[in-house]
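Heads up, the next two complexes both have chain A, just with different partners, chain B and then chain C.
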Partner chain A sequence: MRKRIVFTLMCFFASAQIFCETWENEQIKKSYSVRERTLDRNMMYKFFIENFGNENEDLVIENILNKPSLFGGGCLPYDVEFKEARFSKNNNNWQDGCIYSVYEIGDESFKKMSVLRKAHVDKVCNAYANSPKALNHFLKKQKLNLMSDKSVENIKKVIEVFYSNEEMKKNLTNVTSKMGDLTWEKLVVYLCKSPGWQIL
Partner chain B sequence: MNRRDFNKLLGAGFFYPLDKVTGFFRDIFEKEQQNKRYVLFNCIDAPTRWMFDSILKPNDDDEFVPYNMIPTNFKNMGKKPFDFEYEYSFTKVGKYNFPFMWKFELPTPNGLMRPMKDFAENMLIVRGCDMVLDGHEVNNKKLEAPSPGGYSISGIFDDHQKPIFGCITMEGKLEDGTAANAYYSPSYGKTIIKPYVKNYIEHLLEPFRSENVNDENYINFLESIKTNKEQLNIENKKREASILINKNYANMVEKYDFYLKKYQDLINRSIRHTNIKGLTDKKIKGLVLPMTFDKKKHENGLDYKIEDYIGTYKEMSHYIVHDDIRNMFDEAEIIGFAKQMSLAEIILEFDLASSIIVNINSISNYMGLTCHEENLKLIDLGDKIKIDIIDKEELKTLGLVHNADAHETGTLPSLIACTLYWRAIASSIMELKSSISKNKEKYKNTLIHLTTEFEREPDNIDKGSHHGFTGHTSTFFSGSIKELKVIGNIYSKSLDPTDVTPGCGTWGKGAPVKKLDGRNMRYGNIASSIADFLGCKSPMPHRRKVFEYRNGEIVSLIEDAVNKKYDSAILKTEKPT
Partner chain C sequence: MIKKVLYLFIFLSVGIFLYIKQQQNKFQIVLENSSKSFQKFHEVIKNNCNVCHLNYTYYNENDWLKSGLFIPGNPELSELFLRITKKGDKRKMPLIGSLTENEIEIVKKYISSEKISSVEKILDLKTDEIKLIKNEMSENEKFSKCSTLFTGFKNFKTDQIENRQKIESFSKASDKCLELLNLAKFGNNTKLAMEIRNQWHRFHTSWFSKYGYFKNGNTSTYDLYPMDEAALHLTKTLFDNIPYEKVINSNQQLEAKRISKDDNKVQLFYESREELVEYYKYILGDMYGVQKDWSPKWLNRGRMIDIVQKDKFQYVDMHVNRERNLTIFKDKFPIDKSIGGAIGAQSYILANLGRDPGEKSNGGLVIPRRWAKNVLKDFFCRDIPVVNGVDAVKVVQNKSEIIFRRNNHCMQCHVTIDPLAGAIRNVQSVMSSNDEYLSIHLKYHEATKKVSHDFYPDRDSDYYLRPNNGNFYYRDIKGKLHNENFNSFNELKLLLSKQDDYYICAASKYLYYLTGIKVQLRDYSDSYDYLGKDSKFLLQYVNQLGLNLKEHQSIKQLLKEIIDGPVFSSRDIKNSLDLLGK
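So, the complex of A and B:
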C-alpha cells in the first residue's frame, strides 16, 4: 500500500514537472513572440499609396504618416527640414521628415501593434473599401476589375498584395475562396484590416 | 529503462523547484487581479520637494539640521533686494511634522478652498530611498522600469488586464529618457499621447467612431487564418472600445471639456495672484543694480564670480531684476497639466486603461524683467566689488521656464516656483482623489504614485542645487491606505565626502532601514511593493517589499520614519566612469 502511495505521489510530481515545464516554455515563447517588428509609418504610407492610388491620401497622412508614436519610423537625420513644425508636401524628403520635432530622430523604428494603431489602420482600410475609385485602382493593378470572376487564381492575386508567406497565402486562399458572400470589397477590407501583413 | 531508473526519475520530481509550481498558480491568480489601477505622476527634472513632501523632521525628537538653502518660506521680508532670510518651518499633519506650506489651504472647484492637510488623507510617504546611480534618464526610467532592459511595472501589470488601452502615457515636453518612455510589456504596446496633441480625448477616441463592430464574420476570418492570440486580443479590445466609445463619446467629450476647465482653474488659482503667508504675502523685490558687496574668495583662493554674489536671483542665464517677483507668476502655467489631469480622470471614470503614466512639465511663462548674465559686469573696488548692468537697453521682459533641475537657479526663484508648482499638483491630485473616491471600491483599488527622480542637494553658495540621488521620495495615495504614514529613514546630516556639500543640513539622504537588515532602501523595494498592490510579479523580485497589500489594506512592512546620525563608513556609490 505504501509503495502505491509513494508511486502515485511520484507520478503526480512527475506530471506536475512536465506540466510546469510546458507552461514555463509557453511563457518564454510568449515573451519572444511579441518582439515582432511591424511596418513603420513610411512603409505603411507607401503601401497604401502604391496600391490604392492618391485617393484618400490625406486620410493616410492623418491616420498613419502623422502618427510616429503609433507606427514608429523616426525621421532621418539627413536632409530634414527642421524649420517646419509640420511637414509640407513642398518640402524635400517630406515623407522622411520630422513631423513634430527633431526629437523624432531618436524615436523607435518599430512599434508594437496596439489597439489605437489598429483603429487607425481599420479606418483607412474602411475608407478604401468604400471608395470605388480606390478599389478600381487596386484591382486594376492586379489586372482585375469589380466584375472579375472570384476564382481561386484571382483571389490569390489580391492576397499576394498583402502577404508573401507561402503558407499564409495558401491558408488565406483556402479560407476566402470558401466564403459564400465574397465580394472584392469584402476581400480587400478583410485582408487590409488583418494585422498579419503589417508584421515583418 | 528499468524500474529502478524510472523510480529515480520520478523521485527527482520531488526536487522540482516549488516556486515553479506555485508560479503556475500565481499566474492564474494574477489574471483575476483585474480591478487594480495604477497612476504614476512623474515630475520630471527632479524639482525641489523639501517644501512639499520631503518630510525632513517627521517626529519631534528627530534631529533636523537647518541649512540656509533648504527653506520653506521667507523670514523678515524687507523692501530691498537681499533684505530677507530663508527659513525652514513645520506644521503638524497627523502625528508628523510637515513643511510650512501644509499650514494653508488649496484651491478646490467652484472657487472654494480646502485645508491642505486634507490632501494627506490616504497618503503614504516613502522617503530615504537610495537610487544608487546619478543621472536623470536612468533614474526617471527606473521609476517605471526599475530593472534596466526588463519589463516595467505597468508593462507586467497590463499583461493580464481587461481595459482597452492597457497603459496610456502622457509624455509632456520631455519624452525620451523618462518613465513614460520606459514602459515595456511582455504583450502590449502602450498608448502614447505626445505633448503636441491638441485635444487628448479626440486623439484617443476619434479613430474608434462609426466603426461597424457587428461583422462577426471578420473575427471568424481572423481566427480561421490563424491570427496569433495577441492580435486577436487587440482586435477584440478594439471592438470593445468601439462599442464603449460610440455609446459614450458625447458624454466623454463633454466631461473632458468640463474637467479641463476645472483643472485649469485649480492650476491657475494655485499659481497666479497668490497670497501665501511667508511666501507671497509681501512684495519680493528683484535685483536693483548696481550693487556693491564686500569682496569674497572661495576656500581655494579664487575670487567670487558674479553668480556667487547674486546667484540667489538667478534663473539659468538670466538674473531677475523685476520690481516685484510675485507678479511674475500672474500668467505662469504648467503646460499640458490640465489636459493630463482631465484625461486621467476620464480614463479612471470610464475604466479605459489599467495604468497611466504622466510626465509633468515644469512651471513656465513666469514673466518679468531680466538681465542676461553676459550683460553684467563686475568692477573691482579694492575691498569691495560692484556689479552693474553693461547696457540697460538690453534688459528684457521674458517668459521664463523654471528649470526644475536647478543647477543654475538660485534659491529665491526655486522656492517660489516650486512651492506654487506643488500647490498646483496637490490641488489637482486632491480633486482627482475626491472624484475617484465617490466610488469607494474604485478608490481602494487605485494607487496614485507622485514622485520625482531624486531629491536635491544644495550647493555651498546660493546659486543652485544638485542631484541628491542618494535620496528619493515616493508619495502614494489610495483608498487602501487607511491612515497617513511616513516610512523610510534619512540622515539628519551627511558627512559623505562624495556629497555635493558634505555637512550641509538635512536634505533627505537615505539611511539604513532596520527591517531591511540594516541596508538602505532601493527603488526595487518600492517597485516590489507597488507590484504587490497591483497583484503582479515584481520587476525586481529579489528586492523585499516595504509595504504590502493585505486584507484590502496597504500596510507598512518597515519601521516608522526616523532621522539617523551619519555613519562615516557609508559612502554613496560613485557613477562608473
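So, the complex of A and C:
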C-alpha cells in the first residue's frame, strides 16, 4: 500500500511538472496577446451624453466616468481648473479629472470587457430606456420619434448609432425587424446592453 | 474510492511515460545533428548531473550557451568547470562523488572549443512572407474606427468640422484620419482640435507606468513641474511633425501652455486641498530649525493649447537633503529644470529614480539603476535581462564586495542597468523642506573629477562628480549584441535613438492602442523557429513598421501605415490570427 502511495505521489508531481513545462512552451510559441479594443471611459461618457442628452448625466458619471478601473482611459489633471475639492461639476474641464488619485494619469488606454463593466453599462442603459426625455433626444437625433414606423430603414438608423460593422448591422437589422412586439424602448435597450458596440 | 484514484494515476503515469519518451526521441534527433564534442559533453552531463538537474539532459548547444554556466573559450573562468573541478568559492558539483579526469577533460575541451561561440545566430525578420486571411473592413468602417480612436467620439461625423471639403475629398480612411490630426495642430483651439489632442495625450501618458515620487506626501511637487513632461515630448512630436528620434534625443525641456478662466489657487493633489490653500504656508529649510517662507509659483491649469520649450525657471536658495538628520544647503539652484528629452525630464527621472532623497551615486550599491531599467521598459518595450547568461558571465566581478556583482545570474540584469545608470550619475534628489508638504527636486552636480572607465566600482565616493559615461549592453530582438560606450548623457540619447528596437517598440505601442494587439518584444533569435505562423506574422509586421518609422521618422506616417495594414483592417483579427496559427 505504501509503495502505491509513493508511486501515486511521484506521478502527481511528474504530471504537475509536465503541465508547467507544456504551459511554458506554449508561452514561448506566442509572441503576442490579443485584447479587444474597447471604448474608454471618456469615449463612453461622450457617447451617452451626445446621443441621449444630459438627462441621467449623474448616473453616467457614477457608473462610467468614475470607474477608471473598469473602463481605463487615464486622466489629464492639469486640464482641470479646480474651484472645489475632488470631483465636482463646478470645476472647469472636470471631465478630464482623475477620480481617486493623480496617479491615474498613467492608467491604461482601455480595459477588457468584464461582467462588472457590463453591469454598470446595463444600469445606464436601463435608465435611458426608461426616460422618455432621453429616448426622445436619442430618436430626434436620428430624425425619428416615438411614433415613427418600425420600418427596416428606421431600425437600421438606430442600429447605426451603436454599430458601424456592416455585417453586424445587417444581422441585427434582420433579427430586430422580425420581432413582433418591437418598440423603440426595447430596441434601444437591447442594442445598448449588447456589449459588441463598445468594441472597435 | 482509493482504488479508483490509484487507477487514474496509473493511467496518467502511462501517458506521462509516453510523453517523456516522445521528448527524449525529439532530443535524440537534435543530439544526432550536433557536433561530436557536444555529444560527448552531453554524455558526461547526463551521467553525472541527471539525478538533480534533469533539465540539463534536454539542453541543446544554444541552451548551454545562453545559460551563462560557461564562457566559450575560457574554461578557467566558467562556473560549470570551476564547480566540477572543485575550484573557486561556489558549491562543488556533483555533491556526491566526482567526475573522472577523462570526463573533466571532455568538458574542458568542449568549453574551449571555438565552434560554440559561433552557434549564436542573428535573426532575419524579413525573410518569410506570411499573409493574413482576408476579411477586411470597408473604408467607411475603418474611418468609423480610426475616427473614434483619434477624436474620442464614437460615430464621429465630418459635419463637425468647419471646413470639411478637404477631409471628404479623401477616399481612404487613413488619409481622412490623418487629416483629423493635421486639423488638430497646435494653434487651432476649436473644441474638436483640443479633444483630439487630449485623446492622444492621454494615450501618451499611459506610455509610462511610474508617476509617483519619493512618497505620497510630496503634494506640492505636482504643482511645480509637470508630471507628464515625458508624454509632452510624444504629443509634441506627433502634432508638430517632429522626427520621432527627438522624443529621446532632444535637448529641450517642454512645458504646456494652457488657457484658463481663473487663476490656479488650488493644489493638484486632492488631500486636504482646501485646507492647504487657506491655512498652509510653504517653507524652505528645516521645520524645527532654520527656515524661511516660500511662495512657489504653481503651474498653469486649463486646456492645453501648445507645448513649448521651457525657458524660465524658479530658483530657491535653501534646501534640505533628507527628512531626519538633515543638512541645510544654501546654494541657489533651479527647482524645475530637466536635462532634455523624455528620459531627461525631471518628473521622469524622479518617478523612476528609486533612490531616497539625499543619496549620491557611488557606482556600487547606490546608483539610479531603476531609471535605466525603466528606460528600457518604456522606450524599448523590454524587461531585463536584455542579454544572455553568457553575455553576463564575461563581466562578472569575481573580486567585488557586492554580492550581486559576483553572481552571474544577478549580473545578467546588472550588466546592462548599472553602466547605463552612469548616464545620470550626477543627479541627486533633494527636498524643499522636511515638513509635511515638502516638494522634491533634482539637483545636478557638475563633473569636477576625472573620468573613470570602471563601470562596476564597489564604492567610489567621487562617482557622482565624474563625467556621465557608461555602456549600453543590450541584445536586440533579433539577437544582435550591442556593446557600446558613451561619454555623456547626450551621447547616450543619440545612441538609443539609433537603435532599431526603439522604433519597433513605438510601432508596437501604437499598434496596441489602435488594435488591442500587443506584440511582446524579447530576444527571438533562439525561439523564433518555435513560433506559430501567427506570431511570426505579427513579429515581422511590427518589425517592418518600426524600421519604416526609423526611416521616415513620422508618427503620423506610422499611424497611416497601421490603418492601411492588415491588422487594423481585419474584421475579426483574433480569429484571423488563430486560423493562421493553426
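The rule we apply is simple: the second predicted complex is superposed on the first by the 158 of 200 C-alpha atoms of A that agree within 3 Å, B and C clash if a C-alpha of one lies under 4 Å from a C-alpha of the other, contacts with A are read in each partner's own complex, and residues count from 1 in each chain.
Operating definition for what follows: a contact is a pair of C-beta atoms (placed from the backbone, for glycine too) under 8 Å apart; a residue touches a chain by one contact, two chains touch by 3 or more.
The structure displayed is predicted, hence computed values, not measured ones.
Novice: Who does A:Ala119 touch here: chain B (first), chain C (second), both, or neither?
Specialist: first
Novice: Who touches more of chain A, chain B or chain C?
Specialist: C
Novice: Could you say whether A:Lys140 touches chain B, chain C, both of them, or neither, answering first, second, both or neither?
Specialist: After superposition on chain A, A:Lys140 lies in contact with neither partner.
Novice: One more residue to check, A:Met43. First (chain B), second (chain C), both or neither?
Specialist: second
Novice: Once the structures are superposed on A, label A:Tyr190 by its partner contacts, choosing first (chain B), second (chain C), both or neither.
Specialist: First partner only.
Novice: Could you tell me if A:Lys170 is touching chain B, chain C, both of them or neither one (first, second, both, neither)?
Specialist: It touches nothing on chain B or chain C.
Novice: What residues on chain A does chain C touch that chain B touches too?
Specialist: Correct list for chain A: 7, 11-12, 14, 30-31, 33-34, 101, 103, 106.
Novice: For a test of understanding, state which residues of chain B touch chain A in their complex under the given definition.
Specialist: Contact set of chain B toward chain A: 7, 9-11, 13-14, 16, 20-21, 23-24, 27, 164-166, 175-176, 186-192, 194, 196, 204, 207-208, 211-212, 217-218, 221-222, 224-228, 230-231, 234-235, 237-238, 241-242.
Novice: So in the complex, the part of chain A that touches chain C is made up of which residues?
Specialist: Residue positions touching the partner: 4, 7-8, 11-12, 14-15, 18, 25, 28-40, 42-43, 46-47, 50, 73-83, 85-86, 92-93, 96, 101-103, 105-110, 160-161, 164-167, 197, 200.
Novice: Please output the residues of chain A touching chain B within their complex, sorted ascending.
Specialist: 7, 10-14, 16-17, 19-20, 23-24, 27, 30-31, 33-34, 63, 69-70, 100-101, 103, 106, 111-120, 122-123, 126, 168, 171-172, 175-176, 179, 190, 193-196
Novice: Taking the touch rule as given, give the residues of chain C at its contact with chain A in the complex, in rising order.
Specialist: 5-6, 9-10, 12-13, 16, 19-20, 137-138, 140-141, 144-145, 148-149, 152-155, 198-199, 201-203, 205-206, 208-212, 222, 226-228, 256, 258, 260-262, 264, 266, 268-270, 273-274, 299-304, 513-520, 524, 527, 530-532, 534-536, 538-539, 571, 573-574, 577
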